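Next, two complexes with chain A in common: one pairs it with chain B, the other with chain C.
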Partner chain A sequence: MSGVSYIEKILGSRELLYTLLLLSVILPIIHPLGIPIEVSKRTRDVYSYIETNLRQECHVYIEVYYEVAARGELEPNLIALTKHLFDKNCKIVYGSLSAFGVIAFSLFRSMASDLFEDKVYGRDYVYLGYIAGGEAAAASLARSIKGTISVDNFGNRLEDLPLMKEVDKATDFNLVVIASSGTDVFAYYVRQWHTPYNVPLLFAALSVIAPSIEPFVGAKQAVGMLVGQRSAAEYEVLVGRLGLGIASMDAQSTSHMLIVAFIGIGNILYWGKRLSSRRGGGK
Partner chain B sequence: MIGWDVIGAWLCAAMVVWIYSFVYRDNVFYKIAEHMFVGTAAGYSIALALDSLNRVLVSPAVRSPHTFWSASWHYVIPAILGVLMFTKYSKKYYWLARYAVAVNIAVGSGLALRTVPIANIVRQITATIVPLWGSDPVKTLNNWILVLITLGGLTYFIFTTFPKKAEGVKPSLTYLVYRGLYYIGIYGMMVGFGALFANTIMTRVGFLISVYLIYIQPQALASAIAAVLTAAAIILGILRKR
Partner chain C sequence: MSLVARRYTPQIIVTIIILLSIAFYYLYINRDVAGAFSTADKALSDWAVIITSFALIVGGIDILRFHLTKVRKEGLKQAPFSLVSIGLLVTMVIFALIGWYISYSNPAAGIAITTQPQFRWLYLNLYAPADAAVYSILVFYIASASYRAFRVRNPMALLLLVTALIVVFGNTTIGGVVWPGFLPLRDWIMTVPNTAAFRPITIGAGLGTVVLGLRLLTWRETSWMGRRE
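After this line comes the complex of A and B, so read on.
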């Protein structure tokens, strides 16, 4: 066995890669490296949009559309955005077109309990719960929330909630935030909320689906996009509430460095093997 | 006294370790966690769907029938259509389910057709009409890249008719433009796939980090016990195969 093939056999074992990946995630969490992060233009633009365009006591609709597995990427974004919106005394209506949104909202609510301490349910925020129907439900909500559902997630009549007396249709909201782990729901809101009613949309997406929804942002159908833990960390810095996003950054950096190193080594081994086989063939 | 919250947290940590143990090798604890997850997720979805039906239809109809029948009577129609879906299980009445499916498709198509041409076609095309000359060189370069890669990507997917090069003849200008855009399309897509791959890694690593921070780190003892049990199961599995 040639030297190159021997190295390839050792480094090619998935057990080694997974073990190194696990270590590169865990060690920086136990011993933080403090790698500095810079707030990107994309995140700063979202922050500036909310700062300049949303007045005090404005109304915001937030779609919570992710399953528990996607918590790590979307929940920190949702917490940082909620903190920013509550700091501006905005009133928020949360809703979920996904059944798993209900458990995601409950976990988000318990993780960010400090944000809701001085807020009154029904006056400052409302959670509509799971609304079945996909795109048809999104279109119906845009026309009339109270015409679509009559009670919130906890069984309260919407007519009895003070906040729901102030808002009912898409145009009553100054901003719509979509925190989603699926691509479809972004398109639902672009098609049923933005296109007919021109409501500003803001996306909070998983990193893996960000390239798929980038065309909506490029076409100015959304005012901006927060992408994964990186944007969450930056937004946490901007709003001054450090959480899971910033805690993850060292581990994200080291694990990415490891993957880059492995891609580099893989390429070197590939070319080394090709060169050695050519030399062998020449002999 | 150990409460249900503590037991739940331990179980969460153990299940995470058991699910991730599949990365090394299939084992009995992974299977337990997998089956528990599938069962719980299915049960949860059904419960949520029934709760939604109850909140929107059943409860208002029972609590205040007069208000319901005067304001929300139309909810009965989708309820009937929903019930018709279950006729699929009858050999005699399975055809009734087609009405529900037809209405579902019609509503979906109607809603999509209303806005898709503007939202998904016109706005995307107009977004690529950008100034190719300007005072800001970076913006101008970005605009050129955007236009060329869009044209290249579209050119790559022309499968019907395209200029061909005749043998022994100098290639025509149309052919050269076509080939140029074709390769720009290929490399543009390569860059796109690269970005997608990098974002995929970021998401997967993000999941791993959050799982560690939320579930494993706070319940280190439960995670360690789960890991030891998994290791024992894997070793036993290997020994049994021998």
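After this line comes the complex of A and C, so read on.
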């Protein structure tokens, strides 16, 4: 066995790669490296939009549409955005077009309990719970929330909640935030909330689906987009509440660098073998 | 069942729904017309919400039927897996029904289906960790695949690799330490070449949906009724 093949065999073993990957994720979380983070223009634009366009006590609708698996990327974004909106005394109505959203909201609420400490349920924020129906439900909510559902996630009658006396339809909201791990729901809101009622949309998406919804942002159908953990970390820096986003960035850096290193080594070995076989063939 | 009941009635219903949906969405000529439409428009979308809610019940029954059929056909080999699925399904439904009953009998308790303690406990402690664990496993496959598959075999593969590296470095904090230009370059890739590639796909999907709508409207599309013609 040649030297190149031997090295390739060792590096090619899944056990080695998996162990190194596990360590590259766990160790930076235990011992943070503290690599400084630069805030990108796109994240700063989202922050500036909220700062300049939303007045005090504005109304915001937030769609919580992600499963627990996507929590690592989207929950820090949601917490940072909620912090920013609550700092401006905005009133928030949360809703979910996905059944998973209920548990995602529950976990988000417990992770961000400090943000809700001085907020009163029903007056400052409301969670509608799961609303079945996909795009049809989005269309129905845009016309009338109280006409679509009569109780919130906790069984409270919507007409008894003070916040729900102030808002009912799409045009009552100054901004709609969609935190989603699926691509379809962004299109639902573009078609049913933005196009007919011109409600500003803001996207918070997983890194892996962000490319597919980028055209909506480019076409100004959304005011901006926060993408994955990096945007969450940047937004945490901007709002001054460091959390899971920034804590995970070191782990993201080391694990990504490990993968890059393995890609590099894989290519060196590949070209080494290719060139040596060419030389061998020429003899 | 007669041909009328099996074929024509569902198609007539679908045709009416399509025509109404088009009218409600596109024919907002002025406020008066919009006002006249709004009640019927709202009713139509409410129907969709109600039908979807009932479809969830049908889905639950279908899962039950699927597993019972599978156990009957495959016997003991399949039984343990199906038993776990059926057991969990029934358990969740029972706790959900308890929550639903409490929400009506004692609204002051503030307990609904999803906030029923046992339902919530199972969801948080059984489903949530399992879901997160399954998704987390992906990272190992991706890492392994990137090592094996990302080979620069030709100039196009080199272009793909360079683009991927820029995005990866742009997504990490260490990228900014290596070269501050990675972040704006990543944003440019996402907003310009990526959008240029995805916009035709989005438009194509939209046109495909229009064609599907037209096929449904002209009764050429029948696969949704369970037949191919």
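Everything below uses one rule, namely that the second predicted complex is superposed on the first by the 283 of 283 C-alpha atoms of A that agree within 3 Å, B and C clash if a C-alpha of one lies under 4 Å from a C-alpha of the other, contacts with A are read in each partner's own complex, and residues count from 1 in each chain.
Methods note: a residue touches a chain if its C-beta (ideal position, glycine included) is under 8 Å from a C-beta of that chain, and two chains touch if they have at least 3 such contacts.
Values in this document were obtained by computation on a predicted structure and should not be read as measured data.
Considering only touches as defined above, state whether A:Tyr18 meets chain B (first), chain C (second), both or neither.
Both partners, chain B and chain C.
Quick check for you: in the superposed arrangement, does A:Glu73 touch first (chain B), second (chain C), both or neither?
Once the two structures are laid over each other on A, A:Glu73 reaches chain B alone.
Taking the superposition as given, does A:Thr82 touch the first partner, chain B, the second, chain C, both, or neither?
neither
With the two structures laid over each other on chain A, which partner does A:Arg143 touch: chain B (first), chain C (second), both, or neither?
A:Arg143 sits against chain C, while chain B stays out of touch.
Tell me which touches more residues of chain A here: chain C or chain B.
C
In the overlaid three-chain picture, which partner chain does A:Val102 touch, first (chain B) or second (chain C), both, or neither?
both
Just checking: does A:Ile259 make contact with chain B only, chain C only, both, or neither of them? Give me first, second, both or neither.
Both partners.
Of the two partner chains, chain B (first) and chain C (second), which one does A:Val190 touch, if any: first, second, both, or neither?
First partner only.
For A:Pro36, is the partner it touches chain B (first), chain C (second), both, or none of the two (neither)?
In the superposition, A:Pro36 contacts chain C only.
If you stack the two complexes on chain A, which partner ends up touching A:Ala251: first (chain B), second (chain C), both, or neither?
first
Residue by residue on chain A, keep only those touching chain B in one complex and chain C in the other, then list them.
Looking at chain A, the two contact sets intersect at 14, 18, 21, 25, 69-71, 102-103, 129-132, 134, 136, 139, 151, 155, 196, 207, 210-211, 215, 218, 227-228, 230, 252, 255-256, 259.
Inside the complex, what are the residues of chain A that reach chain C?
Touch residues, chain A against chain C: 11-12, 14, 17-18, 21, 25, 35-38, 40-42, 67-71, 102-103, 106-107, 129-134, 136-137, 139-140, 143-144, 147-148, 151, 153-156, 196, 207, 210-212, 214-215, 217-218, 227-228, 230, 233, 249-250, 252-260, 262-263, 265-267, 270-271.
Which of the residues in chain B end up touching chain A in this complex?
That would be residues 23-24, 44-45, 48-49, 51-53, 55-56, 59-60, 72, 107-108, 111-112, 114-116, 118-120, 123-124, 126-127, 192, 195-196, 199-214, 217 of chain B.
Hey, which residues of chain C end up touching chain A in the complex?
By the definition above, chain C touches chain A via 25, 28, 38, 41-42, 45-46, 48-49, 51-53, 56, 103, 107, 110-112, 114-115, 120, 123-124, 127-129, 131-132, 134-136, 139-140, 142-144, 146-148, 150-152, 161, 165, 168-169, 171-177, 180, 183-184, 187, 190-191, 194-195, 198-199, 201-202.
Which of the residues in chain A end up touching chain B in this complex?
Spelled out, the residues of chain A in touch with chain B are 14-15, 18, 21-22, 25-26, 29, 69-73, 99-100, 102-103, 129-132, 134-136, 139, 149-151, 155, 187, 190-192, 194-196, 206-208, 210-211, 215, 218-221, 227-230, 244, 247-248, 251-252, 255-256, 259.
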